[in-house]
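Both of the next two complexes hold chain A, though its partner changes from chain B to chain C.
And then the complex of A and B:
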């Protein structure tokens, strides 16, 4: 059974149609890449999957409550790394022992030890994004939604983020991820390319485009 | 022209810039690259005359940024990393505001920024906070160009911007260079760095490399190989590469795995696939330079 099933979903803002008759599915362990120009409807679609926006038409079913990492991150800037982890663990309903275990695992895998007591607003953006990622998966969601998780990251931090994503998918989490880096399209198991609110192409990356530049033909 | 001589800067005990010296000539694009936290935005703030608390000297168009800050300032167009627009003003009102602050005419933007304004003009009456990320950045650049500056400072102008809009922006940046403008632009995109005249590579506040893209690629010290890699092959391939003699590093590169190797690497098949020698790109140099200074992930 699919983790996410979307059929014929549309969303308008006034007389602007942001998402137009979109259907897609996400299976266990899959990484579905969402590509498209700014304004193509990616973020609107993501917000509907996360139940933050109600579709005007069509149906969305999602298993469990998705983990969501948005473009602006939802970290509390004034709190430290440690306090953010505690705060979100509490919101997710984890008890003390679970929180401590989760924090220990996160800190080890992200090499966050030197930053534990630093305010989040003083973290370099690579670490901030890695922390946002871990907080999105703190309650082990079956579905993970990432809106441009590598935006503004340097080449090494970008690859580090993708290792985290792929490790998560290998454990069975279904991931939907949007990106503007065309090389990252190849790290996905499947792609959905949007233009003007519609799905203009979907399939395995290598079948959609032989080279990165070929993806741009779908954007225009 | 931008001239920086021995710029150093501390935040408390932390030294964020160390003796940074370089020049951006008239009609030249210099791409500023570096890891997150390397000091790029701090350098922009100083050059934009917003932070006088540094040691060393810098000038913009020949005017010292400390003692002649006012003269320097009116020659600078600056787009900071965070959006600098007024969200509740329309596109046209934002432009009029910035033009007014400099005593210029907002209508001149048509000549000053033809490529970007062309795609914005249809949205003149839209509030800035309703624009997509790419459109916001185009507007921010237009606002920074409305007083016809001779120096342009762009701090990661293409973050979150789609590939087609990035292309538009770089067309404009190229046209400005051809008009004589000095451009310092930070980016994480290797294709943008390759379009620049020179690349300034900052690492932990120090200049590691400052050369043309061709010069930087020519400085590559290792052998580079490429191996096709589908996501499903990844664990097997990584396990094999971890124990392969002569392999210094490996990382994903689109649908390929790039392998950095020394002379002891045999080049025979790995997991049934023969590694093919590859030409390094700016991003390979970036990863190589940083990996040597960072523990291997």
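And then the complex of A and C:
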């Protein structure tokens, strides 16, 4: 049974077609990469999966409430790390004991202890994104949707973020992750390449790359 | 290689700036609509000169000389005798319930003028007007009104010592509410939209109304804190709330929530915090401060403008505030103002929900 099923979904903004007849599925433990240049329709598709945008046509089915990480840093900047975790945990429906347990685990795995009482606006961008990721998974969602989670990060922070994503997928969470970094495609178990709102190729990254020698060919 | 000159540079910037102005709706609004609005407000709508004074007269002894005086008053185009009172005992009720600003009483002890002391500019204006008409009348009827040479005594109802502190307090509360409840709340909600935290919050189990209530409540409490401070200031200056305290605070709460809903309405339809800030000042602050009767009397405005400003939340608040706090009137006398505030609150919430859903469907 697929965690996400998208069938012939389209979305227009006036005369501009942002997403055009896209179909895809996501299975348990799978990392589905959405690869495409800026404006390819990745964010619009992600927002429709998250029910933040209504599609003009087609069907979207998602199991459970997905965890979501925005393209831009979207935690409350004025709150500390600890306060942000508590805030989002409460909104995710966790009680005090659950929140405390999750926070402890999260802080330990991200090595956030020194930053716990620091306002998140003062954190380095790599830490901020890692915290955003942890908050997206705080309620243990079956599906995780990440919109360009490594955008603007240095190479080390990107590597760290992908380790977090892969660990999560290994626990059985289905992950949809958008990126415009070609090298990140290889971290995904399956890849959907988008261009001009359409899916131009779909498959295992190594096979897709081998077919055309380079992912760039798909964007021509 | 082509060399560009200073002229070229300046021309490029000028061209870019014009494009910027004409493609930005709020800049256009500020540059072209705002001067027109200010021109209309100060050149046409706003004036301290009251054109129309509604007064009541009282002549319990049915004295013929008093009737001649009243006819003389009525002959003045700026004075309108809206009603006649049977006895002096009805004066307080006339001020409380009817839109009466002055009562001229011709009693056994001669003429007395009663004025509403809650609005000093209005009182001064009508006092001067009545004294001028009466001076003419007394001069012509010197044989009857010899004793009135110094002019009739003037008594102020509600604010007998004509304390100046009475005047600014309703307007002060009005401005605090617009600032805290509308402008700061509106820009804060808008900031969340821009930062993406609003989107994150919508992804949680939270319902829309929970989010709006949670965002609004702190500003509401801060507004209440300011009301409490204003109340303490009133007490400090010896201004006692004449009406029900419950009704007084109820009015403040209703107005605060109404201001919040208007702030949310603007925040829901505009995407940039600066746009929200500017629109809150243009659409909420300026009209409510200048047209609500706080600074310029509404009766000095022309008919069509007067009809429109009656429905401003600020007008309803200022009028109800003065009536409840200074005149001691109850809910029945202020029902129309309360209904205006309540209907605007409901309308603004409905439109802001549409505005928020336009961006995010759930």
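In this text, the second predicted complex is superposed on the first by the 217 of 220 C-alpha atoms of A that agree within 3 Å, B and C clash if a C-alpha of one lies under 4 Å from a C-alpha of the other, contacts with A are read in each partner's own complex, and residues count from 1 in each chain.
Everything that follows uses one rule, which is that a contact is a pair of C-beta atoms (placed from the backbone, for glycine too) under 8 Å apart; a residue touches a chain by one contact, two chains touch by 3 or more.
Please read these numbers as outputs of a predicted model, since none were measured by experiment.
When the two complexes are overlaid on their common chain A, residue A:11 makes contact with neither chain B nor chain C. When the shared chain is aligned, chain C comes close enough to touch A:88, but chain B does not. Residue contacts after overlaying the shared chain place A:102 against neither chain B nor chain C.
Within the superposed three-chain model, A:38 lies in touch with chain B and out of touch with chain C [touch as defined at top].
In the superposed pair of complexes, A:168 makes contact with neither chain B nor chain C. With both structures placed on the common chain, the touch criterion links A:124 to chain B but leaves chain C unconnected.
Once chain A of one complex is fitted onto chain A of the other, the partner contacts of A:186 are limited to chain B, with no touch recorded for chain C. Between chain B and chain C, it is B that contacts the larger number of residues in chain A. Judged by the document's definition of touching, chain A residues 71 lie at the interface with chain B and also at the interface with chain C.
Those residues of chain A lying in contact with chain B across their complex are 31, 36-40, 71, 124-127, 148, 151-160, 162-163, 166, 170, 180, 182-183, 185-189, 205-206, 212, 215-216, 219-220. Chain A makes touch with chain C in their complex at residues 50-54, 65-66, 68, 70-77, 88, 91-93.
On chain C, the positions that touch chain A within their shared complex are 195-197, 199-206, 360-362. Across the complex, chain A is touched by residues 34-37, 132-135, 156, 159-166, 188, 190, 230-231, 234-235, 251-255, 283, 286-287, 290-291, 294, 297 of chain B.
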